[in-house]
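Step one of this worksheet: look at the structure below.
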């Protein structure tokens, strides 16, 4: 028995369904804070719960549509949740993307399980490459870790983004060395890491975290070149859940005002204070030369994962069409034309992500990786088109999305009847249904889930400029210039 | 003494400054509701107060920069607040627009006094035209009303948008006749109106309201063809203040979390139940043929008034530049390029609005009206460019705007120090200053004032399609076709 | 021996390479007109020749890169040129698209062989479906035709677009029945067709043409519901080659002024006057119900075929980079950024086309068809992005592309030396090379090959609105609305 | 009598109308080359003549609409052609822009007289400033020159763009000092200049040229810091007229094929070989510190002058509407919507240019200059919107614009009747009229006048990046940041 085995003892019984998942989150001793207060039980916190519901859909889908949500793994030698699977062929990535779109449609938000999924694929190949070069045993360790995770069917989160401090400086040059996560101590059992990770998607809702470096490292950054897996309730971890737009509306308004009462995303700041990682869960320690390929592979996977936003796009297009129907204008030519434009943009994103999956290539470990250029192109479209889709949805919905009275006013004796009288749409439409659909559009374009649909679409998996840098690297400009010279009748390149 | 004089008794003493204005709002008996509860004193309501602060800036500006905020009126024969002035030459409209941009810069939100201003200009010319045709006395009445309002320096709100019900039907065809505001009774003292007005900007913060029809009327819609002025505390009026994104954050988070703690906009639903209007305050009653020109003139004024958004744009561009400075990247070429793009789009809006003012034309009453084509073009640009400016601001600001811990966490002993440690930017920048500027960007792009900067930019003064219809009407396509035929060598038009 | 066999006698010896192809075009008796004159030998006509060169590249590619340009067909049971292959799996479509991009890179223009290719795939499945329903023998006939064409390695053109006359009327309602191609006579040997086809790509450079209806037909349009194959030199055919921008510059200027002297596209008007088609070459005659699926399948294939424009995009990006290098500004940040943007747009088109190939589905005949939604989305992007890519190329290239002296001026003793003195770029760059690359950019953005890169990208395979109609049909709006209702908490659809 | 007087002897009799203008161009001894040949009489050259016709419209307009085309000058103390007038108030610039739009509508191309006009305004203020500082007499000389030019009513061209060679080097650092125009000799009568100017609009069609430096100079660039006026037929000048897209179609096709047979633009390379300039015509010689403000003022004037493109836009919108009418689809909703979009974009350009005129400010000399920020914004919109307008025009027009047979085919006995049969549109439309309007659209979007409407819109008066640099300079970012800080509650700027 290795020293890590004890860490798995709580996960002996695999999580099968959403109820198991909720149960698995209860009773953990974690330092979770939100709005200045310690959250004793996140599962019961009204603002956090919708994010847990969204994560739970990844279990529900596996039960309801196993062809989409599960896949046989040759690691665990059994069917596993697809969020725990290393892609073994392009088809695996294609189905992964279909699953992501479907979960986007089901939740209308970020379901938070993709970072860990993409970390798994990345670690599989990078540990393999390090071992081949250095004779280390990272890959074997990683496989063993993954096998256990697959068997237990846990949620693995991925933690990458460091605070970075002064962006013109490398980790070892920062005045505060903790501004990048690093190894602060080593002993015969394992390593101890300190620092922080920011914008961590769904961390509080996970069971394990894989932490990874956030950028290219230099030799002097050895201590910062570290990858490992830890339990989210490991001693030394503190979580500060970030505020989202209108996160508290579910509390102060109600289900209708929330727009999408059931589902939401979650991001938090995680602080690490001498967190212990046993050797068995360390997958890189000092191999700074591999940090850049780790980051490139992770972002290549993860940028295509933004196909999920086309699922949100489906919901928003549907909501806009429903709102138009409530107003009796669904058949008007400019409305139809806007719905077509929204669909065109949404499917363009989808096509880029899918092409990046279909044209995946194998790495040395056997894991398949999306086409790098197309994955960057896909994400770059995600930084643009949802904003236009959202604008068009608001155009169709009308100004009422931002001037509508609260659900609570409906229940007031004096003004409730007035609202019902004056907010009605075409005959046959319930006033409350009209309000609900407008609140959903508000939710996705300017309120809580706009965080995921818009801002996260800009910055998740790298900001727009990060994609442009990768596109510049991959654009084979010399080859293109040679083609142009040939057609122009130029015999050779200028000096 | 006319029967309306009593209604002015509370305004004997003119409002001079912001403090007078706040005082003038207190102690009124109004039926105001928000989130299911009656609001006893809106001035003291933490969610409503920022919208009153924004309105108050129109008084402050008049004191601090009288050349911008005031103008001599030939009606009151004295200097008046520019928000109470009928434009008497193109220069009046030019300065009006400069004032609006400046107020946008000061408040970062909608300061709510333009609807009433544009209603004044509209009523001036329409009442004149009706009187010339019909021998009525509306214009004289209106001038008297305005003279008093100028002397008292009150806030006049404008109320136009009816609920509309089934949009394929005229007012008189609706199953519920109240779906458009209408005269329900007449007696020798005046008229009584019932119905509702939606999306009413700053109504609760006003002293008087001018109500107007919302669209072209037919002969059968005589009772719905009505214009008049009422006090906002007139018996029979009920206000339901609409919810805005994150309106309650000021309560549950604090000043920093709010992003712009001081200023916000306000929209409400106003219900009219047999509200009395004395003859002296009735400016149209049954002259349905004038409803369409009233609407066209109002929208022509009001679409150019959206120049205020360039003031918000100034703030947002500045905030993005400040955030970039905090991150130490202000000099990076792609950041600079994005700031230039934001400025280019912002100044394009400005140029369209200003051209529409400079090329204003006089109407029969002597009031000047913005160029109709250019005003529509200006507003149409407002339905597009702020969305792109907001996207670029978020691009520069980074994902932290939507994942940042609450201000309350800063005050927590356990996590406060951790946040201060990890959220710092370049040397010399206070963590709290960094957080403040990011919250301001959040505020304007996805939180409370995004309502005004984005959604209201789409729908205020008419949705995009409304501008396209006006552009189509004004585009002189036959003249353009003749020019093309001439250059193409075609001797005559096809049959 | 069937009556069609004589028509194949000239093609006994298969065309193997480009030289064979040129030879195969010579000496045919065709009625070809250009600029008011009969063209006795198109192969030798300086304006037409570049279009023949472009077509010839499809033969060259097959020789040089057989994995791309050829494929084993189960119809001929031998390797055939990929332009004569019916796609038998998604991979066939994927490789087809790679071949099209490569030919775009090689020629910088339209190589004209895709219409026929896409007609083959379409006829394969439609004839199969008709036979299954009606017991006809069209599929067998078609396979025999195709087998012969594959063996002979001929160029098959496709002819679809009718003149259409009054677009609000069906074929049988037109005042002139010839405005849609139709059967005017039938006898025991075959049928006789009259009418015209417009915008016919590469027709003069082909050996055979497959003609097809251009839109949905009604029962009264039986005589217009006709598909068949004819030799391009069949009696009764007349070709009027259309003018292209600057088509004559190759004559009046020279190779350098032409920009791309070697390659160009070609479109012509084909008039049919009682052209005989033996029964063996008739693949539909009267089955009007199948016209709409024929058109839909053809456009689905053909809209994805516009992936070729990404090959032109590669050339144009390379040319812009080369021009920037000549000016010594390739490393300037705004130049690099524009090259990245061009690449991003180009690869977005590519990704949409490739996704449409990878997600192809089989039809009853076994032929695979691109995903319909994605193919429409792909083409719709082609109607937009090349215009922006071209604008950026001109931005980088500078105004000299439209103000540069002629190549002939270079050879003039007086001004030649002056041009060489003043038009030089950075050290090490030949003035003539600089001029060549600028002429290539001119060629692709505003001169002869802009026809193919821009206007044809708009209108080929259907104008933008045609794609929007298909997107509207395929966007599953009811399903999307149901998703939105579910998340909004609405129990059922409004009536 | 000053030594320059002899140079004016040919212009004793003022040019009054277009006929006088044509006469004035005849018989001059100029070194003009086109396509490798010396052009003996440009007025009679079929390719050059349309550009002369366009220039002649500036005389015709003055006769037909004197309120637009003429203005009283306080310099000549008489009415002068507006193209020779120094703007003395904002209204002068406003009317100038209306004149430019009208000439754009009349010619559908570049009428070439604005560069000289904007050079006049610039020299007026710069010479004044130099004299004030240095006690020179440039301003007096310039006024005398202008007075004579106004009296003679000649065309003054402006010459600014130098070849520039290695763009990273100043003029005095170039390996060939002639790569910027410079003084090579001075004697008691005047100076002698050598070098070249590129992309010179309408130079061959002018009577005089004002040459100016093209960019900021340093002290070592004194000899390159020179401004003066010369006759276009001065000894030592050579012109090479540049090729334009399809410039020869007027010769090889005919009037219809040309699309706009009457009007076109013109750009040429001008080489200066020791060209003598008498002192009286030297307006700067060595005052290198003023080169940058000269360039900034010129571009500020000239960028707004691109309002002329809205006149071309009017023609193109009209042509698209006419083409739609010929096809019987003018009332279709997507067509109408595209015409509205084209108009919106066109009027947005107009509004920016007009705002820049209305908000003009006076300089020390009394000349008014457009608002710098708005002028840059206006031109920046011109680098974008015409491309989209052109794309939409092609969308509406259909593919026939690039596949249509030549006019010559119409006259051929065999194919003429076929074309008339098959190219007809809706009833009542002449086939030739349909062809003419399509050729006009081709002309403006992909053929000869696309040079002016598209490429020149990009690069004339400075490429897009030049405007971005000016916008960056003028955007007052510190002021904007201060506004943001204030609203965010930040007390002071970060260090």
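The letters A, B, C and D name the chains in turn, as written, and every chain counts its residues from 1.
As a working rule, a residue touches a chain if its C-beta (ideal position, glycine included) is under 8 Å from a C-beta of that chain, and two chains touch if they have at least 3 such contacts.
Predicted, not measured: the structure shown is a model, and the values here were computed from it.
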| item | value |
| --- | --- |
| Those chains which touch subunit B and also touch subunit A | C, D |
| From subunit B, the most remote chain by mean C-alpha position | C |
| Whole-Å gap separating subunit B and subunit D, where each centre is the average of the chain's CA atoms | 41 |
| Separation of subunit B from subunit C, taking each centre as the mean of its C-alpha atoms, in whole Å | 53 |
| Overlap residues in subunit A, where contacts from two or more other chains coincide | 334, 337, 468 |
| In the complex, subunit A residues that touch subunit C | 94, 105-108, 255-256, 259-263, 314-319, 321-322, 325-326, 336-337, 339-340, 343-344, 347-348, 350-352, 354-356, 358-359, 373-374, 377-378, 380-381, 428-430, 433, 436-437, 439-440, 468, 471-472, 475, 477, 479-485, 487-490, 494-495 |
| Residue ranges of subunit B touching subunit A (in the complex, touch as defined) | 31, 33-38, 163, 165-168, 175-176, 178-179, 196, 198-199, 238, 240-246, 248-249, 252-253, 257, 267-269, 271, 327-329, 334, 383-384, 387-388, 391, 394-395, 398-412, 414-415, 418-419, 421-424, 426-427, 442, 446-447, 450-451, 454-456, 458-460, 463-465, 468 |
| Residue ranges of subunit D touching subunit A (in the complex, touch as defined) | 333-334, 337 |
